[in-house]
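Chain nomenclature is as follows: A, B, C and D, assigned in order of appearance, with residue numbering initiated at 1 for each chain independently.
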Amino acid sequence: MTLYTVDTLLTLVLLSVLFAFGSSRVPALIKVMAFQGIVVSIIPFFITPHMATGAVIFTIATLVIRGVLIPLSIHLAIRKVAIQRDVAPIVGYHASLFFGLGLIVAAAVISRYLNIPSISDSQLLFPAAISLLVTGMFLLMARRNAIAMVIGYIMLENGIYLMGTTFSVRARHIVEFGILLDVLAGVMIMAVILQNIKQTFDDVDTSLLRTLKE
Amino acid sequence: MVEMVFITPFVTGLLAFVLPKAVSRQLLVLTGAVHLVLSLLLWKNTPQAFFAEYFAVTPEGLLSLLVISLLFFLISIYTTGYLAAHSLKSENIFTGFMLLFLSTMTMVTLSDHIMVLWIAIEATTLASAPLIYTHRSGASLEATWKYVLICSVGIAMALVGSLFLTFSMELGGVTSAMSFSALTPVAGQLDPAWLKAGFIFIVVGYGTKMGLAPMHTWLPDAHSEAPSPASALLSGVLLNCAYLGIFKTNKIMVSAGLSDFSGTILIVFGLLSIVAAATYILKQTEYKRMLAYSSIENMGIIALGTGIGGLGVYGAVICMIHHSLIKSSLFLSSGNILMGYKDRLIANTGQMAKQMPKTFVAFFAGFAGISGFPPFGIFIGELFIIMAAFKTGHYLAAGIFIFSLCVIFAGFARQVMAICFDTPTETDTQPAADQKNFLFKEPPGMVWPQYVLLLTSLILCFFIPDALYQTIVDAVHAIGGGLQ
Amino acid sequence: MFESIVLWLAAVLTAPFFSAVILKVKAFFGGKKGPPLLINYYTLIKLFKKGSVYSVSTTAVFKMGPVISCATALAALLFLPMAGQMPVISFNGDVILVLYLLGLGRFFTIAAAMDTASPFEGMGAAREAFFPIICEAAMFMILIFFYRLTGELSFAAYFSGTGTLGLWQIAGPSLLFIVIAFFIILVTETSRVPVDDPATHLELTMIHEVMVLDHSGPDFALIELGSFCKLFFYAAILSGLILPFETGIPGAGLLVFIAGLVIVYLVVGIIESTIARYRMDKVPQFVLTSFALAFFATIITLELIQ
Amino acid sequence: MSHFFAAISLILAGGLLSLVFARHHLFSRAGATLLISAGCAWGLGAAVTTLMGSVTHSVSFQYLNLFFLAFEMDALSAFFLAVIFLVCLMAAVYSFHYTQDAAAPVKTAVTAFFFSILVVSMALVLTAANIITFMLSWEIMSLSSFFLVIHDYRKKENRYAGYLYFVFSHVGAMFIFAGFGIFYKYTGSFGFTDVHILTQGAKILAFVLFFIGFGSKAGVFPFHVWLPHAHPAAPSHISAVMSGVMIKTGIYGILRIYSLLELPAPAFGYLVVAAGVVSGILGVVYALGQTDIKRLLAYSSVENIGIILIGMGLGMVGVASRNPVMAVLGFSGALFHVLNHALFKSLLFMGAGMVVHQTGTRSMDALGGLLKSMKITGFAFIIGSLAICGLPPFNGFAGEFVVYLGGFQGIALDKIPFAVSVAAIIGLAVIGGLALACFTRVLGIVFQGEPRTEAARNRTESGTTMLWAMGGLGGACVIIGVFPGWFFNLSLSAVSALNLGYARIPQAPFAQITGHITLGAFVIVLLVLGMAGVRSWFYRAKPISRSGTWGCGFTRPTSRMQYTGASYAFEMVRFFRPAAPIEEQHPPVAGRFPASTRYESRVHDIAERCMAPGVIRPVQFLFDRLRWIQHGDIHLYIGYILLAIVLLLFFI
């Protein structure tokens, strides 16, 4: 039963990945990201049959931060910065979409061959994590829109979190929480920078940020 | 009470946001002094940490901690003069984040748990980002943006690497705490494949922060855009903190018997960084960027020495200490130059020997030291590294290293001599060229910190107190370095 | 020893006489009676009687010039074995000393010439500095040749007693090259035709003569005497080379030696009256040939000896 | 050894004192001069006693808790030390009046300070007995001399010179580093003791590396480019020290390494002789082409280094071909020439310094006729010139004579050694002739004839200590030239420290050689005196009148009609044209009554010409290809991170 739910959740994650690849508008991207954050952070509930209260509290905290606070901060950043809505792709959407599909397949194949310690026997966990990682990287590298890049970073972090689920349920939550705070603070600072970028260049196209070079 | 050392600056940093400017300046120096005292105490009697699982006093950590607090103290003194001469719009934010930055870096040096180390290092990024953006210019904004994003991504990689370490623990059936001190003895049981993968991710991740090519890309921008005291901190100690992460991980690799693997990777990154530095120093037009690239070079040298092992590790540690001392003094002097000439371009400076004799002495001595001339310590470090490279048969590495050193020196010397001796070319700086209109009078507070730093390096080149020597030796032995 | 000193004195005294031979030969070719054979003595005495006029530009160096150039020439003769006799002084390496002594003389001749601030003398000095460089190289090549044969490094070993004869026996053919090379060196060092023409009247084309334009009276006499001795020095070497016959009779050796000298001087005279001087830029090649000859000779001997 | 360190600390004290009391100009100068010269004298004494006793002192201090700074003074070091202290003593004395312009007292003090550092570091280089010590003092030596080169940084050419010198010395030091690296690989220790255990190949490689490294300091031909720029830039007493002794530290290095390697490979000898002949001939040819008097002297240092190398090379060939006489003659001749060159070259630089100091110009063609007004300087310079041309009875001859004898020893050998010896002898002969031309030129253009410009008109010499120094050095040149015996024995005992495997070198046969030199000297001196007597006898009561030089028909010769240095040297330089390209600039003479025209010619240094296209441009090209990496686009920056990871993952 639990394994089934876990797999469905992970499929949702993969779906969000595809959306992320395909979506051309920043708000949509944010929604995808928020959804993804929620899904990712409730997974531990289903992986571990009976959780300690600490784990429960921590997972809820994660849910709040990943699912609410982070998307909210980005959203506010956009609100402040009346943004132009296109993510300004370097790689086109269709190409990205196909890349995403290929990526998921590749991730699944690779993780077959890897010898991964896992307390959940879900086959999708690791592939999903990898594809989240790479998605983040992809958005960071293939979108000129600064907001899209920040979102990419967040997806990267989501992926890492997913990869660490197995570890996080065992580890001291204080440590996990520290990581989480770091991510949050990082996103906050990025949001601030986004606003400043907008104010200085009244645009968030990072192609404007190429003055410092040799 | 180990934690006090980083909690104190954290608290004072928070205070500095709210206190009036003058007070917070004093607070900066005061905290520096207190921090210095605390870390000296820590060094004298290495106590147990309260959260023993997360924090511990390790020799390599102690070394960087001592360097950090000495540097910060001197830099804070310089900073007061700097802030007096150079009014910032948001001074409190500057001072506050300086202190937070100090606290996070201290945390790095003391943290023993893999994840805590990661948290601390990521925290340094976040604490230093506002420092880079102090000038509120478009360029500084870009620099900050690149700094935050690239470093965050890089360090995220380091987090992945740390996770891989946990995997290797799982597979190896190691149930000890995730602290370096706990893992090092049992490293043999760890699953080698995941360990290697973890090392790769961690080296790339922390290497991004340390400024190893090709992940160094943020470094010259950030260091050149930040106000000079901040650049001095970034270049002098932040890089060491990142190096600490690699160093500790390498410790595990060595005791797991994978030193060849890790060594080769470190050597490659080291050489790449040195060559990259040579590439950009050769025709550099801005002196702060030049210094930044020279930091990349020195980080490369340190990585190279660590990778070579044996005497090279000793050389690397010596290089690390002296690079911090000398490079921070150089950045402070560059601050004076910037104030004097109001220009970042080397072409618009000149005749510093006449205009700013005190700064000139500091700057030139720093240059001589950083390019491996005695009586400054980097000379010894480079000597040892070269010797070790030959000893261990890394002839190609030694060749590339020596060649790049020559190229770097050629470039560096030309720029520095242009700054110090040439007559300014641009017409708009002609007034700056003659003494009357040359406004910047070097206040002692902005000169003798450099002298103290250089003097320390000079003394350490000839005499290392036994206690410090013992610490170094412990650190070196920890990753299988020898002294012969 | 005593004979050596006597011979040395004789050489110094007769050097002017032999130079007069050249003049006679030239006169003969010119179909003239020519000056008496003692002409040079008359000139010297006349000069010694005169006073001097010194240029205001000159310094003490100008006065040192004649003294030292003459002294070096005399010193060179001290080391030279004549008529198969041992020289006054001889030790291993005296050859090098002699060559450098001549260099010393040259140094001061040039210095004295530069002292006058005259463009022509400067020109002559430049040439005087240039050509002997190649001569020295050739001389040392010849020394290498001799050393290779004898293993000795002194004139005495080459030209006294049966030394020369021995040389001919070991390496006759290549010694011919040496003789020619030596003759070229003689012509260059003593600035005769075809390198330089002592009888020319155009300063632009002079080498040695132009350098001494400003010397007068006894100074000039010393210079003349010095150049006579220098010529005698090389001629003596050549005569030793071409007539290496060692007869037991004491007088005969001397006669042979004098005969050799006369031959050399005659040849110099004949060349001087038959060949025109070379253009200045041809001279270096000409001098280089002497080096080439000596080098060639040495190479051949390498074959011969093994 | 304690004496040695006492002397060194005295010298250092002098430098510091001058720095501390920089404001009190006279005091700081006097104090520096006194202390430094006292220290030099003391050190000289210590060195000479060591040399005559030919004992080895050694001492070592702990360094960085585990390593040692080891010092050792054997006969070889002592010999070089004696030379250095002697010349530096004279230079210190000279500097007192030379640096008396109170315009920039601080700068003077700084110069004195770095001068003392230079002296001390040179002394330490010569006594260093392990890698760390050696490199430490070596680098300090380079650094301090660099500051001396750029002491007058307002001139652009001085800055260029300083830069060139800085880079060259650093690159050279890197080669030395590499050489020591090879040592360390095999010995595993920083000491020099068991270097001989290296393998044959390693020894040869190390020797080549060291030869390049030390050669770039000594000014061996292709690596000499910095020298003619740097030496003139320094103040003259410093130029004297740099040209006279500092470059000798390179020679010392080569000798020391050779003796450490204990490998009698003939290849070393061939290499060294070849380098020597090339440096010697080209050095003097370029010297002949110079118009700047100090540059000329610098180039002639390259020439003399060539002579020294020829001697050393002959020695090495001698060792290789088991001919002890040749070996000893070669090495001792080279060492003897080290001493002699130090003396006369510093003498010449001091003379040039006096000229430049008084006339304010270094261009020879602006000078002339100085001998009339600067008697002492002029005659000192004449003595120096005679000595540097290797003419008897001066010290230059004594050294070259011994080298010649060594070369002729090689003639008796066959195959390559024979060819090498021939090259050496002919090379020496040509060098001697060219040097004669070169220095008659300097004399004639600078000191003789008539002043060519106002700069040279009735300039008198001043500065007592400067004259003392020159007088002392000139005297030394004559004394060594006439009585070389004792000094030659010093170099002999230095040779015995080279551990060539000859138990101890008998001095009798060499005493014979020096005896011959003395004999020759006496002959020439007596004859000259006699001739002078004859001359004065003929001149007694004779009318002596003075008038203008006969202008060969020109009624009104002017001083500008004098033969210039360029035209004096032109033919000779053109003889070596491919190696010494001459660049001429003159507008074509036009019209029936041509207007006043101009003519310039300069002789180019082939090595300097090839440096830019041969070395610098390729390096710059290589690195320019890499510059695009830092192109400012964050997306690709992140890409680098990914790339690095992906590439590395393949190696698991």
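Following the convention adopted for this analysis, a contact is a pair of C-beta atoms (placed from the backbone, for glycine too) under 8 Å apart; a residue touches a chain by one contact, two chains touch by 3 or more.
This one's a predicted model, so the numbers in the text were calculated from it and none came from an experiment.
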Would you mind checking the shortest number of contact hops between subunit B and subunit C? 2
By number of C-beta pairs in contact, which two chains lead? C-D
So, what's the distance in Å between the C-alpha centres of subunit C and subunit A? 101
Nearest whole angstrom, what separates the Cα centre of subunit A from the Cα centre of subunit D? 70
Compute the distance, rounded to whole Å, between the mean C-alpha positions of subunit A and subunit B. 32
Using mean C-alpha positions as chain centres, tell me how far subunit B is from subunit D in Å, no decimals. 43
Which subunit D residues sit where two or more other chains touch them? 627, 630, 634, 638
By the touch rule stated above, which residues of subunit B touch at least two different other chains? 145-146, 149, 153, 193, 220, 280
Touching at least 2 other chains, the residues of subunit C are none
Could you please write down every pair of chains that are in touch? A-B, A-D, B-D, C-D
Going by the contact rule set out above, which residues of subunit A touch subunit D in the complex? 90, 137, 140-142, 144, 149, 206-207, 209-214
Sites on subunit D touched by subunit C in the complex: 368-369, 371-372, 378, 382, 386, 389-392, 397, 401, 404-405, 408, 411-412, 414, 418, 422, 425-426, 428-430, 432-434, 436-437, 440-441, 443-445, 448-450, 513, 516-517, 519-520, 523-524, 527-528, 530-532, 534-535, 538-539, 542-552, 557, 559, 561-563, 567-572, 575
Residues of subunit B that touch subunit D when the two form their complex: 145-146, 149-150, 153-154, 157, 193, 196-197, 200-201, 203-204, 207-208, 214-215, 217-218, 220, 261, 265, 275-276, 278-280, 282-283, 353, 368, 371-375, 379-380, 383, 386-387, 389-391, 393, 398-399, 402, 405-407, 409-410, 413-414, 417, 420-423, 462-464, 466, 469, 483-484
Complex contacts: residues of subunit D adjacent to subunit A: 627, 630-636, 638-639, 642
Subunit A to subunit B touching residues, read off their complex: 115-117, 133, 137, 140, 146, 149-150, 153, 156-157, 160, 163-164, 166-167, 171-172, 175-176, 178-179, 181-182, 185-186, 189-190, 193, 196-197, 200-201, 206, 209, 211-212, 214
